[in-house]
Structure formats: C-alpha cells, structure tokens
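This is the structure, below, for whatever I ask next.
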Amino acid sequence: MVPETLILQIIGMGAVLIYSLLGEIISERSGIVNLSIEGSIAFSAATSYAITIAYHNPLIGLLFGVLSGIIPSIFMTLTSVYMPLNMIVSGIVFSSIFSAASIVVGNSVPRLPQERLVFINENTTLMIIFLSAVSSAIVLKLFIGRRIGLLIRSAGEDPYSAYSLGINPWRIRMFGLIFSGAMGGLTGSLLTLSPMISMIWRENITAGTGFIIVAVTPSTLWDPIIAIFIGIFFGSIPLISIYLQTSGMMFSAELASLLPYLIALSLYIIFRIVLAKRSGLVPRALGKEIVLEERYE
Amino acid sequence: MFIELDKINKFFGDYKALDNVSMYFRSGEIVSILGENGAGKTTLLNIVYGLYRPDSGIISIDGERLRYITPRYSINKGIFLVQQFPRLIETMTGLENLVLLLNERREDVRKLLDEYSDRFKIYVDYNKKVSDMTLIERQKLYTLMSLIQNAKMILLDEPNTLLTNDLEYINFLRRFSREHEGGVVICSHKIKAVLDISDRIYIMRRGRVLKEYRSVSKEYYDEILDIMFGHNSDTSTVYKSVEKSNRDEEISREFSKDLFKTKDLVVRDDIGAIDLSVKRGEIVSIVTIAGRGDKELFNVLAGLTHPLKGSIVYDGEDITKKPTYERISRGILYIPDNRLEIINPRYKIRELLGLWKINSSGVVCIDKMNVVYRSLESQISELSGGNITRLLISIILCTKPHLVISHNIFNGLDQRGYAHALKIIRDLRQERMSFLMILNDYEEALEISDRIYVLNEEGSKEISIEKARLEPKILWRELVS
Amino acid sequence: MISIYVRRKIQDPGVFKMLFLSLGLFVSIFLIGTMIIALVGGLGIKELLTDVFNKDLLLSPILIRYTVIISLISLALMINVASGFTNLGGEGQITLGMLGLLLASIYLPDLSIGLVISLLLIFIWQMIPYILKIYRDVSDVLTSFIMNFIALFMINHIVTYVFRGDIARPRSPPINEKLSLHYVSGDNFLSLLFSRVSIESIVTLLIFIILLYIVLLRHRIGYSIRMIGYSVKTASLSGVKIPIYMIISVMISSLLLSIASAEMLLGGERRIYYNDYAKIGMSSMSFGLGYTALGIALLSNGRSYLILIYSYLLSIGYMIVFTSYGYFRLILGTAVIGLSLLSALLTDLLLRYEVKISWSQRR
C-alpha cells in the first residue's frame, strides 16, 4: 500500500468519526449520554444512500442524511429530556428501532453502487472533508469558551440550579441532542458518500460505530481538539488490523472487528476511573435525568 | 409590585403541604412568614418563585392571573428567591454564574458587580468558585445578582444566620424596602429576629395560614410562640422547661479511657488537622458551618472515603482502613445528614427493620419514639421528614450500638420531637452509650453536649462548654475565623 | 405553549395497577409497532394474524419453550437489576454460557461440569461491569453492553478458526451426545404442552420464582441486595457487607443464565454458529433475548411471579418474528427488541411519575 493513500484513508475515516464525536461531546456537556447516535448513523446512512440513488445527487443525499439523523434525537428528547426515562436504555431502544427502520429504507431502492461526493477529485474531497471536520472542531472549541458554552455546561453540571437561575435546561439538552443527531447523520451519510469507503449500503454498515463513539467520548475529556486525535486513532484501527492480517499473523477478521470495541471499552473504563478522582472534568449531571420537586433531595 | 396568592393548594403524594393559602405581598414593606419546620413556608416561596407548581389556586402578579409561574417569568418581573442553600452552579465562579444570568460580557458584569456592591454595601469575593463559598457568601452573592437584575421583590428562605449575625445585611433590607421601594418576604422560625425587622407577619402551621399581624410589636412573642406550636399543646412550655433543666442538669461520670479517637485527621486540603476523642457515656459535638468539611469529616469517620492523613482509633484498635460494615459490626452506628443516604424511601418499615436485624419487638422502640405510621407494611416515603428522624432514633434505641456518629441528627424535628429526642439521647447516655455529633447549629450543640469542638480552617479546637454557654458568641467567632 | 411537567410519585403503585398498566402498554405498543413495520415492509397483516394467533400456536410447545427460556433469563436479569446492575450484557453472557458447555463437553462429557464451567464464564462476564460500577462508578449499562460485542466476536473467532468448520457457514461440531436434558415423553396432556422444554428448566424456573420472591421481598438477604441497588452509600451505612451480597446476586443470576443457555443449546441445534450480525440481536445465537429480557426484568420491578406473564407475551412477539423470513425477520426482530424495552420504560414512567401536560400558563 502506498503510504500516501494510507494516510488519506486514515484521515478520511477519522474525519467521518470526528463529526459524531463532536456531536456526542456537545450532548454530553449538556448532560445527555446520546446512545441513540447509533440509530442516527444507521438511519442516515440508509436514507442518504436511498436518496442519492433516487435523485442521482450526492449533495441532496447528504442533506437528507443529516436531517434523518435528527429523527432519533427527537424521540430521545421526548423520552430522556422531557420525561425522565433512563437515557442509556432508551438510547439502545431508539438505536435498535432505527436500525430496523434503516433496513427497510435501505432495501427500498435497488442495491446499486451510488454516486459519491466528489469535489475536483477524490483525494481533494477527502482532504476537504477532513479539514472541515477539523475546522468545525476548532469552531466548537471557541464556542465552548463563550457564554453559550457556559449555558451548555450549566445544564450538564447542575440543571436544577440552572433552572432556578432562569435558564431552561430542557431546551439546552434538546439542542445538544439534536446537534449530536445531526452530526451523527453527517457521519452516517459520509459512510457511503465519502470517496474512500464502500459505495454500497449494506445492513450492518455502521458496525456499532455509534456505540464506540459513546464509549470513547470520556477519553476526549469533552474537548473538541482532543476529539480530532481520538477520531483519527479510531479511523486507523481498521487499517491496522488489515496490516496485521496481511503480515501473516494469526489475526482473523473477527478479532479485527473486535479490536475497536476492546480499545474503546478499555479507554472508557480507564478514563472514567482516572477522571472520577479529578472533579470538575466530568459534567456532574451527566446521565442524570431532570425531575423537579424531589421531596427528599 | 403586588403579588397575590389565592387559595393555593399543594400536595406531595397524600401529604398536603399547603392548604388553601391566601396571602399578598407588595412593594415597600417587609413581610415575614413564621412557622416551625414543615409548616410549608419553603414550599410557598418555591411556588411564588416558580420552582414548584401549585396543584390548584391562582397566583396574580400585578393583576395578571396565572396557574403557575416559571423562574424565567419571575426573574423578568423582578422577583428573586434567595434560598437557604442558594442554587448556584457550584463548579463555576460567582462571576460566571452571573454571566449566565445576565447575557453580557465578563468585563461588563464585573463592573456592574463592583458598582452595585458599593451602592448597596454588600461585598462578596465573586472570583471564587461557588463550591468554596460559605452559605452567607452565597446568599449575599445571590442578593447582588438580583439587585443587578432590577429586583422589585426579594424572597428570603430561612436566612437565619444573616438575620441574627449580620447587621449590614439587615440594614440593607431596611433600606431596600424604604428607599428603593422594594418588597421583601422572609421565611423563618427565629421569632425574635423577625419581630425586629418586619412590617407584617403571617403565621403558618401544617400548611395553613393561622394568623396575620398587620402591625408588629415585641410583645407578641409569647402569643406567636403559642400559635406556631399549637394553642392546645404544651410543647412550647415543654421546650422552655427542657431548655432550663438542661442547664441545671450535671451528671457526674467517670471518664476512663477514650472509646473513639482521631489523630491528626485531615479530610480536606483547606481544613486543618482534626483531633477529637469520645469517652464512654459522653456526648461530644463538633460544630461547623455547613459545607466547610462537615460532610467530608462524616464520610471519613464512616469509612466511605479515606482520609488524606491521620488515623482513627476505636476501642483501642486502628480502624482507619476498615470498611464501613466492619465498623458497624463493631458497634458504631452512622446517621448522615441526608436521610436518603441511610434510608431507602421505597422500603417498607418492615423491610427496614429486617435490614437492621430488628425482630418484631422493634415495634416497641418505634412506638416509644412516637413514630406516626399506618402499618408496618406502609412505605417510608409516606412518612414526613420529622417522622423519619424519629424512626432513625428508634433504630438507635433497638440496636443499642456503643457509639453513634451523626451529622445534624435533629434535622426535620419540630420542637416537641426535638425535646423528646433530647430526652431519649440523655437516657441512652446514662446507659453508657456515646454520641459524636457533627452539627451545623451551635445552639443545638450547646444544649446537648458534654464537650464541644469547633471545626474551622485551622482544624478542630475544643471550647470550654461552660464558657460557651455563658457567651455563645465565642463559638460563632471561632467558627468564622 | 405546551409544557410537560413530570414529578415523582411518593407511593409505589399496587401490584394490580402495575400489572394492568404494564400489560396494556406492553401489548399495545408491541402490536402497534410490529404492525407498522409489517405494513412498511409489505408483509400481509392477514397472514401474520392467522399464522400467529391461531388457536394452536397460542399454547404450542414451542411457545412454552420460549416462555420458559425467556422467564429464566428475565429472572436472572431481575436479580441483577434489583442489585443495582442494569445488565445489558445478557446476550454475550448466554452465548458464552453455551460456549462453556460445548468446550467442557469435548473434554469432560458431564452435564454438571459443563454447567459449572458455563456458570463461571458468565460469572466473570457479569462481575467485571458490576465491580466497576460499585467501586468506580463506571456506567454498568454501557460496559456490559459493549462486552456483548467482545464476547460475540470472540465466539465468531473461535467458531471460524478453532473449530474450523464449514467455510460457507462456520459452525462448531455438535455437542457430545451423552449430554442431554430430560423431556416429558409419552402421550399425555403434559407432553402436549411441555414436549419441547426440559424438565430441568421447568423445575429450576418454578423453584427460583418462589425462592426469589421470598428472598428478595421477605428476607434480609434480599433487603441487603436491594439496598445495594438503591445506593452503595446507603448500603454501607446500613452495615451491608457489599462484596458478599454482590457475589450472591451474581451467582444466582449466572446460575439461571447457564441453565437457560444449556436449554437453548441442548434443546436446539446442539451447535454454536457464527453470529452473522453481531450487532443487535436477531441473527446471533440468542435472538436478542439478552436485551428483551431486560425489559421484562425492569417491568417486573422485583416481583418474580409477574415474569411468567410478560415472558408469555414476549414469546408471542418472538413467534411473529420466527414466522417471518429473510431480511424482514431481521427488521422485525430488531424492532421487537426496541419496542419491548420501550414499553418497559414507559410503564415505569407512568407508574412512578406523575406526568402533567398543560397548555397554557394563564388562567
């Protein structure tokens, strides 16, 4: 493999992951663990594929992909923001329902190779996607320092105090969720539209990317800049395992698909344990639903 | 500004917290709401500010009739609630909290803060993190925030220490109502402090408004006391007599060797070493300001967290590294500040007794403590806060531990329950049971303890109880130093 | 403006209220959901109804077999939930249990040893997320969920490379013939209903339904376990020996799961297959039961006898899935998992919270 294409591939796959990592970072800063991002990714992958096939226009496909990524987030908003249902379980609920829906949508069009997103040529397109991911990370980093960042943090740190300060923490969490849904939609659409990955949609195309994203978010310390590196690292894992397989080691495709889960899980556990000792880094109300009028609390 | 409450009702489950409450507040006067714990004062203020929603009734604000209000609405109208534990975002600085509220740049907010501090003579260090602030600082910061936001009505929930110790703040409240035509509503159970400052007084008991005084005079003290605790009951006299007998009572005990001892215990970076000892049959209390190491100290004593330094010795054995359940099996019982941390409200009373290995004879203890309950099958969440404290004390009665380590053990008790609990604890001391109490209220500490420690930044310090009883101000000075 | 206002109820609901509400929601959400997907997917509703809801199928031996299996798994997860461990890893744990039984049968063809080994594997897989949760406050749901994937891919690896079976359809060799469970035989009424499920499973199920009812709701062991589930801090302040009760609860849960996996392996095709979509549910060895059973465990709220009813309903759902075919089966199966968990969550919400929807602030 030529090193140049290797780097391009890593960057391309990394950029795809960075988008949903950024979305997850924002929603976790507002206190919501958005596990339905897996549903967003799967559903938007299918819709953007179907729309692109139907209209022969990848840009329209991308647009619809992003919009359809928001749908699972809207359901999550109902259940876990405006009602106090367990976030993680309802995330899995909507992940599985929208994975099912994605199979319906994806099979509604003939299985053909679709047109890809191409600006100028494939390599430039990859670079553009990557650079836009990096720049959106930087923009987010800047926003986090300003008042809007404080607002988002207030919903994730102490929604009750935020409420009594006259802030609407539900609306902030809704915003966080919808943002992460849209970013998940972007990731999903790019899974088939981006030049370096497969052109054909298939049932298991996400391979649990959303779950991995949720698991690695603590290791970004909820910082968009670190998310760039984490994204690139996870983008390179599939290539690492291809390298390991071709180098003749006893390393099966099954172990290769196990690898990201294993790394994500260990990163998650390690960072949760390390961060638990350092207060101020983990949003205090992360994963906690808002219920007013607790009599004993 | 004119706020009128019309027949407000509020339920918590079956419990009626507010029962047809009608009141009005207006600009230019200081109104006080007096009542014992659980009278519904705080619930009422929360409804006026919009944290709770009433189940029925109408709130009208300047003629606008509403079913409920939200904090955003009341902030826009200029109504502010200074809570007992002000709800600020702890991980941010005071300034950042204000930036959130005001939607302006940091520099402008800083200028505003300085300007208003000077104008109203309330000074707070707003660059500190809120978690490092004392309760009083938080309350003052919150007051400043509301002034910057053009407050027309300030609601104060149990500002007890501010009222009894802070002349500056009292003067501010007077000026605010006279010169700036603002309204002030104070909820409290400190009758004397309230009589000094109010223009009008409401008295509440068990969710009802019992009486309204349109003019205030110091002579009402005894009458108010009677109404607050019920005309027909003898609680107020019981309370007074307990207060008296306590001073006279002196029991001679032989203090042999220490049952419980801490050596150079450090629980938080910014708090000095804690050295204390408890002997058999002794009641020892440590007085702290809420949030200044009291929770951390309790957690370390209970073995929930490890101390940064130092050791704990119990009965001649070092138990610093022992897990909580081993300490409990050696005869220590722990009662934390937050009752939810010792009792699961979803348990039935029968299940709680089973967990504590109390057999059916445990009912005797519960009845001895006058716990009001329907049956053993009823859920603990049905009990009121005071009843839960009684239930906990009856667990002490049943399990007969050697040492009880508690944090604000009298939480939620009304005066009658308090007097009763005092008596029970004294009786248990006679049976050579020891008590180590972490208390935030120094008056309670003075009343019950044999020995008293004060915990401040420099660490723990023993204060002579006789001196402190004669002049409680010593304690206060030590606390804030 | 519309506003949704939620507050916690003070009292727990009565058993009957709980039962009716949850059953109603369970059936309605479940049926509506599958119908919608059936309509979108194009399968005739008429066929669906006649296939599944004809008289024989409602009490067929297959239905009873799945009711028993789902009940066993739900009981196992129920005690996990009671002890504060929201175990979403049932999927991987069951499959690991099957693997343990299969591996043991190769070297030591004895059922009890096989069961012990599968129990141990499940025990380890449950203990890791549980310990992390209790002592380090790491989210148990997420950890146990991701450990599913690790288990399933590991099994895929073993099936493909260790057993080196068929390349077109990788699978393990069949389990040793000497290992088998006992079944009701003969031409009596019992065999009409229970011919497809082993006596061992039925007996274990009945014993544990009674035992867990007594232990969880009437005994100090249960009070302690549930106290850990409520809050670790409260449990330690109440003098509960946390490590011991953690082990007890995980032990019971692993035992039930290992019996369930033995039933699934020995009463089914007696082999382990490659899990096609190790993603969610349907084409793995355990049909996503690890997820759906969690819904039942949450619904039953510590009352073991309710599990039988919910499991029966869920098995009907699974019958719908099994009568469909192709990718359509995948859709239905995935949706069934989601919908059953959703109905559990919604019931929980309606039972424990008051939901007020108000249209206007003004009067």
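Letters A, B and C name the chains as they come in the text, with residue numbers starting at 1 for each one.
In the analysis below, contacts are C-beta pairs under 8 Å (C-beta built on N, C-alpha and C of every residue); 3 or more make two chains touch, one makes a residue touch a chain.
Just so it is clear, the structure is predicted and the values come from calculations on it, not from any experiment.
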Touch-based graph of the chains, sorted into line, ring, star, complete or other: complete
Furthest chain, CA centroid comparison against subunit C: B
Length of the line joining the C-alpha centres of subunit A and subunit C, rounded to whole Å: 28
Rounded Å distance, subunit B centre to subunit C centre (Cα mean): 46
Residues of subunit B touching at least two other chains: 12, 340, 381
Residues within subunit C bordering two or more other chains: 5, 10
Multi-chain contact sites of subunit A, meaning residues that touch two or more partners: 292-293, 295
Footprint of subunit C on subunit B - complex, ascending: 12-15, 53, 58, 64-70, 73, 302-304, 323-325, 328-329, 334, 336, 340-344, 346-347, 351-352, 354-357, 379, 381-382
Interface residues, subunit A side, partner subunit B - complex: 147, 150-151, 153-154, 157-158, 160-168, 279-280, 284, 292-293, 295-297
Contact set on subunit B toward subunit A in their complex: 12, 49, 51-52, 71-72, 75-76, 81, 83, 87-92, 96-97, 99-101, 103, 338-340, 345, 381, 385
Subunit B-facing residues of subunit C, complex: 5, 9-12, 219-220, 223-224, 226-227, 230-231, 233-234, 236-242, 356, 358, 360-363
Contact footprint of subunit A on subunit C as seen in their complex: 4-8, 10, 33, 37, 40-41, 86, 88, 132, 136-139, 141-143, 145-147, 149-150, 153-154, 156-157, 160-161, 277-281, 291, 294, 298, 327, 330-332, 334-335, 337-339, 341-342, 345-346, 348-349, 353, 355
